[in-house]
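Below is the structure I would like to discuss, written out as structure tokens.
Residue numbering begins at 1 within each chain, and the chains themselves are lettered A, B and C in the order written.
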Amino acid sequence: MEGFVKVLRKMFRHPVSIAGIILVLLFLSIAIFAPLLAPPAYPWNPYMMPQSGLSAVPQPPSPQHIFGTTQGQYDIYYGVIWGTRTALEVGVVVIGLALVIGILIGTLAAYFGGWVDELLMRITDIFLAFPFFVGVIVVITIIGPGITNVMWALVIFYWMTYARLIRGSILEVKENQYVMAAVALGTPGGRIITRHLLPNSIYPVIIQASMDMATIPLTAAALSFLGLGAPVGYADWGQLASFARNWIITPSGGNPFQYWYTIFFPSVTIVLYALGWNLLGDTLRDILDPRMLI
Amino acid sequence: MTLAEVKSIQTTQNQSKNDQILLEVKNLKKYFPIKAGVFRSTVGWVKAVDDVSFYIKKGETLGLVGESGCGKTTVGQTILRLIEPTGGHVFYNNVDLFKLSKGQMKKYRSKLQMIFQDPYSSLDPRMRVKDIIAEGLKAAHIGNTKERYEKVRDYMQRVGVSPTYMNRFPHEFSGGQRQRIGIARALVLNPELIVADEAVSALDASVQAQVLNLLDDLQQEFHLTYLFIAHNLSVVRHVSDRVVVMYLGKVVEIANKHEIFSDPLHPYTKALLSANPIPDPTVKRKDRIILQGDVPSPANPPSGCRFHTRCWLAQPICAQEEPKLEEVHPGHFVACHFWKNLEDQNK
Amino acid sequence: MAQKLLEVKDLHTVFHTEDGTVEAVSGVNFEVYQGETLGIVGESGCGKSVTSLSIMRLLPKQTGEITKGEIIFKGKDILKLPENEMRHVRGKEIAMIFQEPMTALNPVYTAGEQVAEMVELHLGMSKKDAYNYAVEMFRKVGIPMPEKRVYNYPHELSGGLRQRVMIAMALSCNPSLLIADEPTTALDVTIQAQVLDLMRKLLKEYNSSLIMITHDLGVVAEIAQRVAVMYAGQIVEYGDVVTVFKNPSHPYTIGLMKAIPRPDVEVERLISIEGNVPDLFHMPKGCRFNNRCPYAIDKCMEMPPLFEVEPGHLSRCWRYKEIKDLLKKEDGVDVGRG
């Protein structure tokens, strides 16, 4: 606990870290308070964006739709707010599961070494042999589109990064004599892993995970953009971007940026979101250095 | 048990002190693979410990000295099975430790303890000192948290680190303080045998004296046995009953300390003793034997006597025939073809 | 008289810890002349390593801080240098051999790579030359089979070999000042003799200076010209080696000398100084040694300054004049040997 307070104190020493933390906190609160910020139109399925017409032409910001509407009259503001929830949900679920699988496999491989290591790492290599995006798309084509299936497909092809990272890290930590000292004291294997190996090797993984909180939801958004993710009308930044793609430059001539709002609000949101997690990752990298922590 | 009974047990123990062998090491070997190339294939072996035999009697302190890299730490760690041996036997109270399964070995863990050479890498940087010292107690399910910390406090006091520091992390201590934390960690388990690997080399003279006195007190009190690995010969001389001298993975001489220090029969022992620095700036040692030549590598040891590349008494036969470790006087073992020459020189 | 290379003036170094701020070094003064070796000895935890880290400006960034003092190296206060200039001083001008070889070496690079990198950086050698140079340095410090050992990772080396790698790395750029923090504790005495010999030779060759931090009074006697004895963050005795060893004038120095097991005589029990070093939060008032000093008097409740026992020989003890007589009264104890 004291350690945690220290980490916080260090975080707040640099303005850049503060910016990262504020951004991440901002998105977290948007996700939490989404029902207040943008009351759902269909309470039984709040993720569906309210549609205020069927016109194919986007409408500029107005008191009813402060960020304007997309083609098909979906409210951009609503999409941005509830899309935050989608993004965080995707991130937490996918990265959480990938972490569990990756840490388990990487730790076992590094701790036992020998054939266990050989076997687990070969399996990891097999998964790594698929190009990430191709693999994910193939799996989605097999199990069908939809936000849940997208998450599964991402987990299946993402845990390897963590497995490798934690394995390398543990192999390094294992060389320290305190691990041998623990054996000499009769400490059981499980405790050696949880008390000595993981605490000293988990940080690179946490940093990586924080960076991935920026990219994984964007990958999911990209899949939605391709039509493989969320169904039409689902509050998701990928959807918003996908709706905007025909309106970035006015299709019919005249003022080329007449429909700026269709792409402006979603992309600013996405950029800020990615920036926030990246800054947080950097901050963690700085402060989790074992010599500086504690 | 009444006090008289305890006393009588102690006296019988003291009587048997001279004959009861606690630990016997027989033909111990440890080879490390040398890996090279992209596939990290094994291209050779570092013969870190090559056919080493000696014994330790109950309640005695056996000093182990020798060149850096000659395999002292490896001997200590294989005896405790912290690294797996390549060959040989270690009998502890007549049980061959190398034949035990990992599970069976657990029973012996708290009895056989080690003080590690490197006080930096042997303490987990993310654990508090109290948890580091209590780790063995916890593993052996001794006491509850409160009792364990009570013991931790007691032993911190004994090794001379203020218990007010128990909540700190290792990097907040100096080298010597860390070494004492490592000592406390080993002592708190009440072991029977302690392998002390350079246990006092990071300590300044007065703390060193304190710790050596403490080790001595504990030996008196609990009849502890030490395998004491050290470079500082004055310290070895002070603590040991007998001394083993190693060179390049082999034992070259074993004798009780008086004989080793006054009448060394192996040329390497002699060179070692002559290099011992004397804490007096006005004394310039003239008898110092500076060994010539490179330290050979344990991956590719010289033929015959391993010391022949640097020995000033070497004869042609030394390069061909390996001298056996022979008992030349009662309890005095030496591995040299020409130990007699040295004995004459000493006189 | 040789030129002053380094002058440490009134150095104060503190650590900001969880429980508050502690002063690990309190007002240390010393100087090092060109070509000279200064030995620093003292109780473990008395601030020797922190002093050297302060000179290198390598204190832990978040917690360590130099609050006062000057460190004049070649006429310039290096505490005032910007970090990028300090980087050029480190390694090239002032090199350090660390007390902990394992943490100071990077576990993921081979020993050779680490030496070669230093040389590439500071001497501007090509990669290939740097590698050959590293092999040469390994040979110089007595590492067997240097051509092979450069490919070893630190954990594949014994404690002694690691320490020699550190020494090779520090000496590789011919620094004008070498700070060696316990460089030989991990070495056996024959290698230690070799390494000390090597250091002496290289120091002479390049007219470099050495600060030798060690616990081994034998090593100090062998290599140093002057010695500083530290206790609880302060220098308590300072002077040339022969004088301090023959005529120790501070009770702590005397205790230290009594405590070493002597190579010539055997004793039943070693004489250690009673009690423990005061912890940094609870420094005694006045003389910091007064809670353990057998000669303490009422006056010792005040902090003694450094008195000049004789020219160039300083002692931080109120009773520096009487100490000799006091010692004589204790029968059978002969301290300054000879």
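Just so it is clear, contacts are C-beta pairs under 8 Å (C-beta built on N, C-alpha and C of every residue); 3 or more make two chains touch, one makes a residue touch a chain.
Note that the structure is predicted; figures quoted are calculated from it, not measured.
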Specify the contact topology among the chains shown, as one of line, ring, star, complete or other. complete
Between A-B and B-C, the pair with more C-beta contacts: B-C
What whole-number Å value describes the gap between the mean CA coordinates of subunit A and subunit B? 53
Just how far, in Å, is the C-alpha centre of subunit C from the one of subunit B? 27
Interface hub residues of subunit A, defined as touching at least two other chains: 177, 291
For subunit B, residues that touch 2 or more chains besides their own: 117-118, 121
Multi-partner residues of subunit C (each touching 2 or more other chains): 18, 102
What residues of subunit C sit close enough to touch subunit B in their complex? 15, 17-18, 41-46, 49, 99-103, 139, 142-145, 148, 151, 156-161, 163, 182, 185-194, 197, 215-222, 224, 241-242, 245-246, 255-257, 259-263, 266-267, 269-273, 276, 279, 281, 337-338
Footprint of subunit B on subunit A - complex, ascending: 176-178, 180-188, 191, 195-196, 199-200, 290-291, 293-294
Residue ranges of subunit B in contact with subunit A within the complex: 77, 80, 82, 106, 109-110, 112-114, 116-118, 121-127, 135-136, 138-140, 169, 171, 182, 185, 189
Would you mind writing out the residues of subunit A in touch with subunit C in their complex? 2, 6, 10, 172, 175, 177, 291-292
Given the complex, residues on subunit B that touch subunit C span 32, 36, 65-70, 73, 117-121, 160-162, 164-165, 167-168, 172-177, 179, 198, 201-210, 212-213, 216, 231-235, 237-238, 271-272, 275-283, 288, 290-291, 294-297, 299-300
